[in-house]
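Here come two complexes built around subunit A, the first alongside subunit B, the second alongside subunit C.
Right, the complex of A and B next:
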């Protein structure tokens, strides 16, 4: 893929064949009665990686995390962490710690005692323990709240205590179950950056479970998109967004226009697709396709350009403004094409006064470049 | 975010709305709902108790009712009041019999509370850990004995515990003992009776506090390196303490004044305070002393009752 790599350019062990994975799921299956929560799943995660498991609820992502923590045993398959098979090791002996979605703070203990709980189990010396607690609380900026009880804290503060507690033992892998799920939007955005900073400072391997694609994109080095107990794609956020390998992934992550069609001609680096609405798309041929093959063409709304006047050239669609939504940074148009399909177009509001004067039921012209979208065969 | 305005309204109590409430039909309804139990308590507990206090300050007499003074004719009220004295209290403090009965009652109540706790806790724990579909049934089973009269159930224990009773027959038939055990009319029988009768009062509050507990706390403890048994003592047990304390009070307070169980199962040698009141009242016909004994019992139990109330208020 052309420059769709990690944002941390120096960190990409997954493309280096010489690097050994820190954590491996090998053909892991988990059944609850008849229900297959995780289906023959294999996955490698590298040391110091911030990895996100992304999927809708019930896709098996939490089960995967709980198997790693030791709360569930795989029906078959192996989980190997740092060379050690986790089979038969109870949760209280695993070198991983989890930050629970509900935070699971002990309500009868102060913040300090909560954070020290794990260290106490290790029988750490008193002085060292106090130092460690102080250090971890400083890390999450809660050093002034050590004596408080969880009920005396705000939601955001509780989230930090939960984080501090799971970091205190310096686990080999930190598991985060919907870490920002209970916070309101504003706080979630702030906390996202703090969490990313923290991971960068500590170099601990983080594995996060989330249903929020934005959260996964902001935080993770790599994302695994899951559905029905299987992994559909494992890639960097940019790859997942710009080069999804299937319609499901394209649809799940971000907004997308999907055109179903048949390949009319495939010559050189060009492919022409006739959509079911009878419209021709000329696109770059970055996957091998044959004439007559059924394909989907996926196109992100922000890759389209909209105009009020007719435009010449290939890939021009014509229709009527069906809906407009103004979001501030972008304006989203729904254009009803003359062929009947609805196309979503996102226009960045780069200037305060929009040069484009379009309103409901106006005629509109939509165009896109040949490399704007993606031809998908699955 | 959405919940915030609702909370604000409640906190600030918007005086306008509140005043309207007081005169509206909902306000009236609320007053009735609160007023009825208060009326009930005043009429059927506080007034009778004040009468008992009054009798405890009177003197026994061969009369009907068997004490003096009585307040029939308003002209004798002042002279009647002058006859009030603390003689009965002085009397019960000077006779070891009463002191011993109090101490024995409190000791038996304390010991049976501990025994009940030891049985009820595992029971409640098992119920809370049972599959959710079973739990309602299990709670029903715990309160099932209430469907039969308390008195009948205590009588049933006589049939079980007496020398030729069911328990001894069973133990002899399986060859564990050859001579029947003497259980009936001993303190052991009282313990069995109290533990049996008050078990639901201990089990249900403990079950409620365990059932309410967030299971992820136990997982979090395990995740942080704590083995299951240790998690029980550091997490589960401390968090179930409100239920344990409630259960202990619900058993201790009535057990201390228990009359039926020691009377039917304990025989004549174990003199608890409830029995003492009964003897003073019906055998000696000394209503004033019986009243004084009862008032002192209430005074002793007021301490744990107040502690219990405060503890409940703090949880609420």
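Right, the complex of A and C next:
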């Protein structure tokens, strides 16, 4: 496997055996009656990491976050933060703070009172408190709005107040529950970068829960993909995207073509797969496979090349243009192969005038390199 | 829009309002009657208000009623709010269904039965009947109304506000007094008003549970009317109507002001 590193250079404590995790979930299980929300989950998170829990709703990611905040107690297992077992510690004594999905701003308090609320609970001196409030409000660029009430703010401003309030106490870990979920698309993109910058400046450990894979990819150092209370894969965004360890992860993160097949031959670093559609795929052999084994071959749409003229060589598929969607930066083609399968191809529009003149029902030829896709056994 | 009332609308409105308010208007008008006879108009006068001021019996009764109302409404509000929180917050505890039923039962219980059972209870525990028994009785029958009002507010209360407060280091007690209570305050106040009003005009339960020296105003009025209506009664009732009307108008104005402020805030938020 080629290395797919983290975006932040020189920050990868998870591959350093000498570094100790800052936060550990050890065999954590949470049951609500018969329903198992979190199932024997273990996870290590490092200091000043930006970590994302990614999954569909009901996968247990929010429960995990609420257990860390202290709102739910694990049915079994331990949560250890900075060497301290969190069992039995109520939410108001934990060194973590949470930014809520609904922001949960106190409507009867001004922006500065909201931000100062947590500081007041620890009986901070008046002068120091005023300084701290000013400082965090400056951090989120809301210093001019200190006297306003939450209902006098726009959605984006409210989001930033919520962020400032959860940062004011300088928690060891900041928990973010769908932090950008309530913002519209344009604002979300801007805020993503602001949030990433902020985390970089503060060196606070951030743990974010999200169902939006794009959000997780943009912000996180590492992502844990969750399903049915379990973690399927923990890896950097690039690894999750380019080297998913299962069909579920491949399918959940981004677009993907999946070909089911049987290994016909596996020699050296090559593997040949006979797909159920009847054509052969020659691929690099990343994982140990045996002849006759059932495997899936997953291929991202942008790794495929499309042409109007016949191409020679291995890994060529032929079909008919079934659908075209123009997105601006890319054009997406759906090609219906002669074997009946639909293959998604994304073509980057590198020039203003596309040299490829394909339209509905034209014949099209699709090809890909041997290292374009991934052989998966689960 | 320029829509106008049809003849039918006008007629039905006149009938409707007359049905509701004509008796009250008559009562108010006759409180300013110079004659002692309630049904004969003999000129405007405020003599009965002056008479009322000298009527110790009525004034004492009014004072008792006020004290019972203030005390019972306040205690019922505390207890009713606590019950509402228990019912809204703790979704799973043993006996929850039973408690819900028991809290709400007094709403539909005939007053005669409530009054009688309270009387029997007070006799059984050998409690001297008077001011305190009336107050206790009023607490027990107005509490459920407070619970209903407060619970309906709590259902729409955003729990994450409480979570956020605790997350920021506030203990459950601090959270309740600094976050929950200030936000459900209007419902608690409405519950108190309701309890106070119910206590103020209760006749049946008070009659059962009262004793010497604790005659409430409704009881006094009722007993006097049996001896013949005097314009003094009209005067007392007019004052009561005036107090209630002022209360309603003030509440409406406060609500109106809140709506105006909300609209202004929304505009401010949109401007950024």
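Convention: the second predicted complex is superposed on the first by the 376 of 378 C-alpha atoms of A that agree within 3 Å, B and C clash if a C-alpha of one lies under 4 Å from a C-alpha of the other, contacts with A are read in each partner's own complex, and residues count from 1 in each chain.
We adopt the following convention: contacts are C-beta pairs under 8 Å (C-beta built on N, C-alpha and C of every residue); 3 or more make two chains touch, one makes a residue touch a chain.
Nothing here was measured: the structure is a model prediction, and the numbers come from that model.
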Item checked: Superposition on subunit A - do subunit B and subunit C clash or fit -> clash
Check: Should A:169 be classified as contacting the first partner (subunit B), the second (subunit C), both, or neither?
Finding: both
Next item on the list: Could you look at A:153 and tell me whether it touches subunit B, subunit C, both or neither (first, second, both, neither)?
Entry: second
Notebook entry, point to check: For A:184, is the partner it touches subunit B (first), subunit C (second), both, or none of the two (neither)?
Noted result: first
Next item on the list: Applying the touch criterion given at the start, work out whether A:228 contacts subunit B, subunit C, both or neither, answering first, second, both or neither.
Entry: neither
Next item on the list: Give one of first, second, both or neither to describe whether A:31 is in contact with subunit B, with subunit C, with both, or with none.
Entry: neither
Note to self: Looking at A:305 after the superposition, I want to know if it touches subunit B, subunit C, both of them or none. Which is it: first, second, both, neither?
What the structure shows: neither
Note to self: With the touch criterion stated at the top, can you tell me which subunit A residues are shared between the subunit B interface and the subunit C interface?
What the structure shows: 69-71, 90-93, 96-98, 100, 102, 104, 106-108, 117-118, 121-122, 165-166, 169
Next item on the list: Could you pull out which subunit B residues touch subunit A in their complex?
Entry: 1, 214, 216-217, 219-227, 230, 234-235, 238-239
Next item on the list: Using the touch definition up top, name the residues of subunit C that touch subunit A in the complex.
Entry: 158, 160-161, 163-171, 174, 179, 182-183, 262, 265-266, 268-270, 272
Item checked: Complex contacts: residues of subunit A adjacent to subunit C -> 69-71, 90-93, 96-98, 100-102, 104, 106-108, 117-118, 121-122, 148-149, 151-154, 157, 165-166, 169
Checklist line | In the complex with subunit B, residue positions of subunit A that touch it | finding: 69-71, 90-94, 96-98, 100, 102, 104-108, 117-118, 121-122, 165-166, 169, 184
